[in-house]
Every structure is written in C-alpha cells, then in structure tokens.
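What follows is a set of structures to go through.
Shared between the two complexes below is subunit A, which pairs with subunit B and subunit C, respectively.
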Partner chain A sequence: MSDATASVPRKDNTTRWLLLPGIIWMALFLVTPILMIVYVSFWTQTTFNISSDPTLASWKQFFSSDTYIGSLWTTIRIWLIVLATTFIVGYPTALFVGLLVKSKTLSTVLLVICVIPFWTSFLIRVLAWRPMLGKEGAINIILLKVGIIQQPIEVLLFTELSVIIGMTQIYCVFMVGPIAFMLARIDRNIIEAARDLGAGFGRIFWKIIFPLSLPGVVVGAIFVSVMVLGEFATSGALSGRKVNLLGNIIVTQVGSLKWAMASVVGVILTVVMGIVIAGFLRIVDLKREL
Partner chain B sequence: METAVFRLDGVTKRYGDLLALDQVTLDVGVNEYVSFLGPSGSGKTTLLRVIAGFEAPDTGRVFFEGRDITHLPAHERGIGFVFQNFALFPHLTVRQNVGFGLAFGKNPLPAAEVDRRSAEMIAMVGLAGMEDRGVDQISGGQRQRVALARTLAMQPKLVLLDEPLGALDANLRGRMRNELRAIRERLGVTFLHVTGSENEALAMGDRVVVLDRGRIIQSGTSDEIYDTPASPDVAHYLNRFNLFDGTLADGQFRGQFGTVAVPGARRAARDVYAVGYDRMRVLPLSSSADGPKLKATFVASEYLGSSIMNFFEVDGGGVVEMEHHLSLGAPETYAPKQDYLLTWNPEHAIVFGREAR
Partner chain C sequence: MESRVLKPILGVYVAAFLLFLYGPFVVLTIISFQQGPEGGPQFPIIEWSTYWYKHIFGLTPPSRIAPLPVGEALFRSLVLAFMTMVTSTVLGVMAAQAFRKRFKGASFVFYLIVLGMMVPGVLTGLGTSLLANNIIGIERHWYTTAFATHVAYTFPFAFLVMLAILNRFDASVEEAAWSLGVSPWMTFRKITFPLIFPGVLSAMLFAFTLSLDEFPRTLFASGRDQTLPLAIYGTFSVEIHPNIFAFGVLTTLFSFALLSVYGILMALSVRRAKKMAMQEDIV
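This part shows the complex of A and B:
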C-alpha cells in the first residue's frame, strides 16, 4: 500500500510532462488560430483595408445574403449526399475486405489497392475525372460506341453530379478503412455461434455484424464529414463554378483579401463541423470501443 | 449400441496434405458424457466442427437421431456448440445473449416466451441477478455459464464443448467441472467434450475417446483407459506413465533397467515398457534388490497438493517421474544431484511389443 501511495505523485508528474508538448502544440496551432478567426470575423472591412474596430457587419452580411446562405445549404446537402454514397459504396467493400475475405494477406492487399489512388496528388485525382466525365470523355465515348445512348450525356461534368462522383471516389476509402478494421476484429466464432443458434444471414448481419461495426461507421463518417465540409478543390475543379461550398467562399474571400468575411465563413464552418462530430459521437461510445 | 443418438461412420477430413480426420467411426448413446482426449493437432477440434456442421467431411457420414445429417447446415442439426473462447456477443447483455437463439433463431418465439426461457436458463447456471450486465462486465467463469446457457436454451439433444474449461483458472476449472456434470445430469442431454487435459478427460467422461493424428486410438471408460492403455501413444497422452524403449523377446523385456520377465504384453507397433508414476519406488544406490533397476539422479520435486512428483534424470538423458501420494505417509526427501536406484514391481508394468500374443 505504501508503495502505491508513494508512486502516485511521481506518476502525476510524469503525466504532466508527457502532456506538455501536446498542450503547447494544440494551444499554438489550434486554439490560438481559432480564437484569431473568431476575433477577425468582428473586424471592420472596407474595400481596400481592414481595421480592428469591432463590428457585426460581416455577420449581418452573411445571414442576409442568399448567395452565402445558399452555399451553406449546398455544403450541407453535398455533405449528406457524399456521406450516403461513401457509405453505400464503402460498407459492402469493407464487408468484403474485412470479413468475407478469409486470408489476412489478401485482405491487406485489397486495402492497399484502395489506397493506391493516394500515390498521386489530390488535384490530379480530381482533375482525372474531367476526361472521364466530359462531353467527349471516356464514359460518353464508351456508352456511344456500345450504342446505349445516341447523344452524349452532358450532365456528367460541371454539375453537382460530377462533384458528388469525384468526392465519393476520393473519400470512399476513409469510410472503408475504419469499417473494415472493425469488421476484421469481429471474432469469427461469434458469427458461427449465431449461425449455430439458428440465425439466418440477415439476422446475423443486423443483430451482430452491423452493431459491432458501428464504431467503424462512425469514425469513417467523421473522417468523410470533416473532409467534405471543408472541401473546395473538388467543387472548384469539377463543378465549373456552379457549386459553391463554404470552402469555395473562403478561398474567394481570402483571394480578394476580404479577411473578415472569410473569418465569418470559417467560424460557421467550424461550428457546423463541431455539431456534426458531436452528433456522431453520441451514436457510439468510442472510448469503450477503441 | 442400439440407443445410439449419434453416429460417425468412416469420417475423413483433409486440409491440403494434412489428414485431420482419418476414418473416424464412433457411436454415442443417449445421455452419455464423452470426452475426446488428444494432443493439439490430433483432430479433436476438427471432429467437433464436423459434428457441429461447421466443416463438411470429405468422406464418411454423420448420423444424428437416426437421420443422415452429413450435408445439413449447422443450424438445422439441433446440436449445440459451446466455443472454446465462449464466443459471446460482446455488445449484448447476459439476457440478450442467452435469448439470442430463441428470439432470432429458426423458429423465433414471442418476446415474453424468450424472456421466460432465458430467465430460466440464467437461473439454472446460477447467474440470476446478472441478466442486464454486459458480457464484458462479468468474470471468465460467468461468461462460461452464459455460453452454456445460450446453447442449452435451444434445448439441443447433443451439446459439443470445445475445451470449455481451457480458458478458466485451475480453481474455477474444478468447480465448473462438477457443475457441467450436474447440469448435464439434470437435463439428460448428451455431451461431447473435447480437451487436451488428461485429468479433465478422465474426470468428466463416462467414456473417454483418445485421438491421435486423426484416428481414434482407444475408446473406453476412464478406468479402462487408465488401467489398460491400448497403445504406447495412449499411455503417453495420459501423462501418468514412465515409458522405456527396449526389446521384447521370448517373454523378456530388455531395457536400460536390465532384463525383466514379462507375464503378458499387448500388441503394438513398437516395444515399450510402461510403469505408472505412482508405481515407482526409490531406493538408496547401495541397496541390492531383484527386478528392474535404474540408476538415476534426483533433479527436483513438485508439490501437487495431494501428492508429490519427484523428477529423476537417468544416464541416457531421459526424465523419470515418481509420484508419492501423501495419503500413504510423509514423503521422503531426496538430495539434489544425488544418485538413487529406481525400481518397481514388474507385475505393475504394462508392456507393449511387436511379438505380443
């Protein structure tokens, strides 16, 4: 007992020292910048200048402008659609890679294949969709040659659809990874036990497999959400400027040195992300699962 | 056996080049407790998985209650399986685990009936009051009971247990051993129990089936197996015999302990002389005695509670064990690195040989 009491203060000290670098790092590069953005969002912006006199002008401008509010809704709509498509494409993939493939080697190889697109730069991955989806792109050429269509499909590129296709492809792997990880951790005996108790495939999936993979779904959804909500490059490259996300607005505002408005949008984006992440974390207790 | 509830007929299973089960034929009666004993890799778990329906045999047939179930899927067999690591559903409570098969199985029952029967099972395995605990909030022994209750809730006629006590500590193992027997006797189900522990197999089974390299090498009651092992391999797995190599010729066994007359020997592929650990006697080196004599150096002893195991090293390098039951009197102490003479009454030896009658 005396041993234990003696070691408590020492352990406390060690904990403090171990935490220090992280705390300094987060304070310097996360907390301070966020406070700075909040502060700047209340600055006074004139056409060519910005001063630190506090004002609500930028905030009022954001909430009274259809363009800005519209882009908030577009961001949320695209986020929800991409979340759904990455889940619909990603979950079956993860189920195959993480659970149905029996050999560990093969499932590792398949996961690596999922990551191969990341060997090229983000922009190239996005831009590669242009020759695929364009009016004279690969998909239209193939469909025309096969004779399924007579006229090239024009809605494929420079529409919301192309943005969704591009984002789904880019972010799908972030959904697949965590789900496949959780599925791979499921003890196969559990599934055999359920089968032995007479449960069919559907019941085993909904009562056993899906609940056990839920933490992976939540982690994947958080990854995809954070990245899609902050997106600007995919929409910039594939929408032909028709789809304006909050991220695109930040880019244009910063480009024209409108720091105050960029900060307002930044704060709103951060709040939206905070709400989304908090919401997801309510679904499962990740502390217990990981 | 005319009341055979369960029958294996020439079951063979290979994994690539490995012959996991080789022509296994076995009858199991109603309300019997059968232990499968064998070293790891002997095919005992494969056998259980074939019976359960998780694996299909390459050749041979499996019969259950007079029906050929060789190609019936696991859940249609009515055979319960208790997994080695229990395989509980980690996200469900004790009650939900026990009720899973009742609620989501082939013939789902109404919720009230599921609750009633799971409560009954939970009470039977002695977990009343823990229904709403998560399975990660209970101890290993309790998890074992949940696994058992979950299987028994389906009212199987045959329950397969894959090393059910392997994951428990020694103390708990003894208690669960008694409890398994009690539960089985109460319900009148047939239990097939796979184990790598000779003590467990001998203690629990009405019948012990010894497996080696995919074959049944002996099958009989615990005392039959213990008193008359059918082959040197069985004697080896029982872990109760000192085995000596040598040659059997003209009723004489010539080994490192001298030449000893053999009253009767069992037929086997090689000549082996087996003496139970508890039949060994230790004499001072100077003593002269008739019969087998083996010079050996005392190495160490191990206290087992009811007996003491003494380990001796013989000149050839082998280790000979001698068990002293404490009920027979206080143990003698031996000096480490001291030479002694080991002997035994040849009538107690079990001899295997190629030229046995």
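This part shows the complex of A and C:
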C-alpha cells in the first residue's frame, strides 16, 4: 500500500511548477523590497529628491540624533513591556480555556468569543480606547462613581501607558490562541499520574504544564513581537505623538519625502526584527509544531 | 483539590479578561448613538439618537462635519480583498500541494513563504514603493503595488492553513484513483479538491479579512486612491466624530454577515461530504 506512490508515474517537475509562482511572488514583492530598503538607505538625499549616489550621510544622521536613537530604545522598551503584559494577561486565560474547561464545545465557544473583536476594523478598535481612557472616559466615570478615586486620572490617555493598554488589548488574543492550543494537546493522563504520585498543583504546573505549553508561548510571542515592533498606528493615535516608535519615524520621514532616512530606520527595524525572530526560532522549531 | 479552588478563580479571571477585551467595543457602540451633530465622541451621552448612522449614508442635513469618505474606498477595498483572496488561495493550495512530497530546499522555501507574515507591513510597503518609484518607474495604485504587498502577506496564511489540512489528508484515495489510471489533474479536481474544500474556504476567509483590514501595507503602496483603512486613518489627524464609531459598528455587523456565509458554506460542504459517504456505503 505505502509503495503505491512509487508505482504511479509522476513527473518530478510537478513540485517545481507548483512552487514556482509562489517563490517568484515572494522574491519579487517581499525579498526585493527589503533589499531595496537596504540599497536606498545609502542614497543621497536632497530636500525633495533622492539620487543613487552612495553616501553614509543618512546613517550618520541616524546615529548622531537623540530622537532617532531614542525611538529605537522606545520601540524595544514598548515591545518588551507589551510582550510581558500580553503574556501575563493571556496565560491564565489560555490555562482556563485550554486545560481546565472539560467540555470541548465550551472551550471552542470561548475561543470564538476571543476572536470576535477582530471583526471590527483595527484602526477603529484603536480609536475606541480614546473615550475609554480619557479624562471624562468610561474608566474614570466608573471609578469615580464607585468611589475608588476622587479626581479623574489624567495619565490614562495620551501617555505611554495608554499605548501599552491599547496594544495589550489588541494583541493579547495572539498569545491566548497558541498557548491554549498547546495546553489542549497535553495528555491528561500525565497530569493524573503526577497527581496520583502526590504532586501538588504548583509542582504539576511548573514541572509538566508550563514546559509543555512553552512552544505555544513562543509562537504567541513571535506573533506579538512581529506586530508590536512594526506598530505606528496605536502609538500615533493614543500617545498624542509623545511615543515615537521606529514605525512612526518611518511614516513621518516618508510624509516629508525623506526616503533615504526612512530606509535607514527600515533597515534598523529589519535587523531588530531578524534578531528577535531568530532568537525565538532557536527555542522552538515552527515547522515541527504545525 | 487545588483545581476546585483554581477553576472558579480562573473563571472570574476569564470574565474580567473578556470585559477588558470587549470594553472598548461596548463604549464604541454606546457613543455611536450620541446625539448629533453637536455631540462629540465622549461621555456623557447628551441624548440617544441614530444621527451618526444617518450621517454615514448622507441622510442628514448638511452640517460642518463632512461625511466619511468611505463610499469609493469601501468598493476599492472589497475588490482588492477579493483579488487578494483568489490569488493567495491559489498560490497557497499549489505550494502546500508541493510540500506533500519531500524535496531539496523544502525548509528554505517554507521560511521564504512564512517570512511574508513576519516582516512588518510598514517595511514591505516602504520597499515596494521605493521599488515602484525609483527602479521600475511606475505609479503606485491599490490594484498594482498594494495588491502585490497584500498577497505577499496573505499567501503565507493560506499556505499554512492548507499545509495543516493536507498533513491530515489520507492519500490512499488519491492513490486509488491514480492506480485506476485517472490523470493527476483529474484526480486533483475530482478527489483531492472536494476533500480539502473546507480548508480552502478557511484560507479564503483568512486572506479576505486580512486584506480588507490591512493598513500598514497599503499606507505607502496604494498611491493616490485610498482604500477603506486609509480613509479611516485620514480621520485620525483631523477631529474625531462619533460617525467613525457608527461606521465601526456597521463594519462589525458586515463581518458577522460574512462569517455567517462562511459558516453556511462550511456546513453545506460537510453535509455534502456526509451524503457522499452514505451513498458509497449503500453502493
């Protein structure tokens, strides 16, 4: 039976022809654009134009400017914080959905409920945080009514905090999904066996559950990192232009036709992204987890 | 024991989590019913009204607030999403089909494709614009450059979905067809494709929704004519009015409708598969 493939006369070319269109598309519209960014970062920028004469001017400008260097550190800081908050917010939820809920239907329903907010346009979801966090926003109104605070909290909106809150809400589901998926795959007998041998929940969690859910955490972390590192809309809309990520710098530079500078920032962002993803992929083999 | 304590605690936690997840949407819905045109996008609600919904469709008397420029943008976005859906699903099915055999460089090709979902949109958008402007020398449009970047983004999703489906695929039915002398193409059309159809639907859904809402990839690459997310982004810089929230509620309802269609198609295809299986049993 298993030798049936061998007896079927099939040209080996099929694989090649099936792959070729996809490979060409990715080479032309993904790899070439990135190489183009690297190339243009060495071009000469004049006020309204760029020419292909090679120069290091834009690079020197990037590394001698506090604004640009600062945005690199802001990006890394926001990325680390959001990675932590999405994990902290998401893991217990995933634990409940993936492991503690016994009924398959209920856990599917819970996952669907988590995905529903994504049917609202991303930009409108970001904007919705403004009437939520503002001085006269929903959170302040509720906290005042309950009597927890006497004065409205003003640091909620147009600060770094609002960017972090917004990003956490928008991206935490990408953490919940993969982790819940890995937790659901754990063989319940292992947990039973550990319990029969007298292990407490804490011990079972740290010795069995957490290590087995780690690939899910890494996949979730990759999703969140990819999206947060390339962000500019949330930081633009919720920080009142106070938080400038690398993405924001690219958008402003393109807006003022400074393509060379935008490219330099683009290369920096690519390098950061490459290091982060390569680091995560060392921990888990994406192809095998599928 | 512990789980008896843990489960209720986590249950409460999940409820709080859902509140966090849905809070903004609830607020958005409430504010979309703000009185107009004086009422702003904040609390308190002066008076409940459907003014801003009428405002979107141009049913209100002219006021100082310009209607959302979404009409043509919505049309462009739908066409773009459809083009992206078809292209990336075809590419995805083909590539995943190729991956059923071992071949040299499989790992390289896998990561080349998956790279498409890992590179930030702002970078592909920037790179494609630079390429179009300075090397090829063409104008940027939503149906050329933006289309190219959209497919480069959604193709990996379609590919991964199809890969997951084909991994669980029982190849013996295909082998049976081949051994009966059916041509590979005919086998694919009559045997493989109907069996993987639910996966194809999911891949299409992924590609369509991702493209419809795609913003960073379109920002630089789409040129003069705006798509829907760009039209919404345009209101960021100016003052925000509750009409944007009313529009958000409407698009969400539209997504619901879209997903219902997907659900119905899925249910039909499952039922048809069951029917076919039963007929085979009778024969």
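As a working rule, the second predicted complex is superposed on the first by the 268 of 290 C-alpha atoms of A that agree within 3 Å, B and C clash if a C-alpha of one lies under 4 Å from a C-alpha of the other, contacts with A are read in each partner's own complex, and residues count from 1 in each chain.
Everything that follows uses one rule, which is that contacts are C-beta pairs under 8 Å (C-beta built on N, C-alpha and C of every residue); 3 or more make two chains touch, one makes a residue touch a chain.
What you see is a predicted model, and the numbers here were worked out from it, not measured in a lab.
Asker: In the superposed model on subunit A, is it clash or fit for subunit B and subunit C?
Answerer: After superposition on subunit A, which the two structures share, subunit B sits beside subunit C with no clash.
Asker: Count the residues of subunit A touched by subunit B and by subunit C, then name the partner with the higher count.
Answerer: With both complexes superposed on chain A, more residues of subunit A are touched by C.
Asker: Return first, second, both or neither, reflecting whether A:Phe63 touches subunit B, subunit C, both chains, or no partner chain.
Answerer: neither
Asker: Taking CA centres after the superposition, what's the angle at subunit A between the directions to subunit B and subunit C, given in steps of 10 degrees?
Answerer: 80
Asker: Applying the touch criterion given at the start, work out whether A:Ala193 contacts subunit B, subunit C, both or neither, answering first, second, both or neither.
Answerer: The answer is first: A:Ala193 touches subunit B but not subunit C.
Asker: Using only CA atoms and the superposition described at the top, report the least gap between subunit B and subunit C in Å.
Answerer: Here the least C-alpha separation of subunit B and subunit C stands at 8 Å.
Asker: With the touch criterion stated at the top, can you tell me which subunit A residues are shared between the subunit B interface and the subunit C interface?
Answerer: none
Asker: Within the complex, which stretch of subunit A touches subunit C?
Answerer: Per the touch definition, subunit A meets subunit C at residues 1, 4-5, 7-8, 10, 14-15, 18-19, 21-23, 25-37, 40, 50, 52, 89, 92-93, 95-97, 100, 110, 113-114, 117-125, 127-132, 134, 136-138, 141, 169, 172-173, 200-202, 222, 226-227, 229-230, 232-233, 236-237, 247, 250-251, 254, 259, 262-263, 266, 269-270, 273, 277, 286-287, 290.
Asker: Give the list of subunit C residues in touch with subunit A in this complex.
Answerer: Touching subunit A: residues 1-3, 6-7, 10-11, 13-14, 17-18, 20-25, 27-28, 31, 41-44, 91-92, 94-95, 97-98, 101, 103, 107, 109-110, 112-124, 126-131, 133-135, 148-149, 151-152, 155, 159-160, 163-164, 167, 171-172, 175, 178-179, 184, 209, 213, 215-216, 219-220, 228-229, 232-233, 236, 240, 244-245, 247-248, 251-252, 255-256, 259 of subunit C.
Asker: Using the touch definition from the top, list the residues of subunit B that touch subunit A in their complex.
Answerer: So the residues of subunit B touching subunit A come out as 52-54, 73-75, 79-81, 83-85, 87-91, 100-101, 104-107, 150-151, 154.
Asker: Across the complex, what residues on subunit A touch subunit B?
Answerer: 187, 189-190, 192-199, 203, 207-208, 211-212
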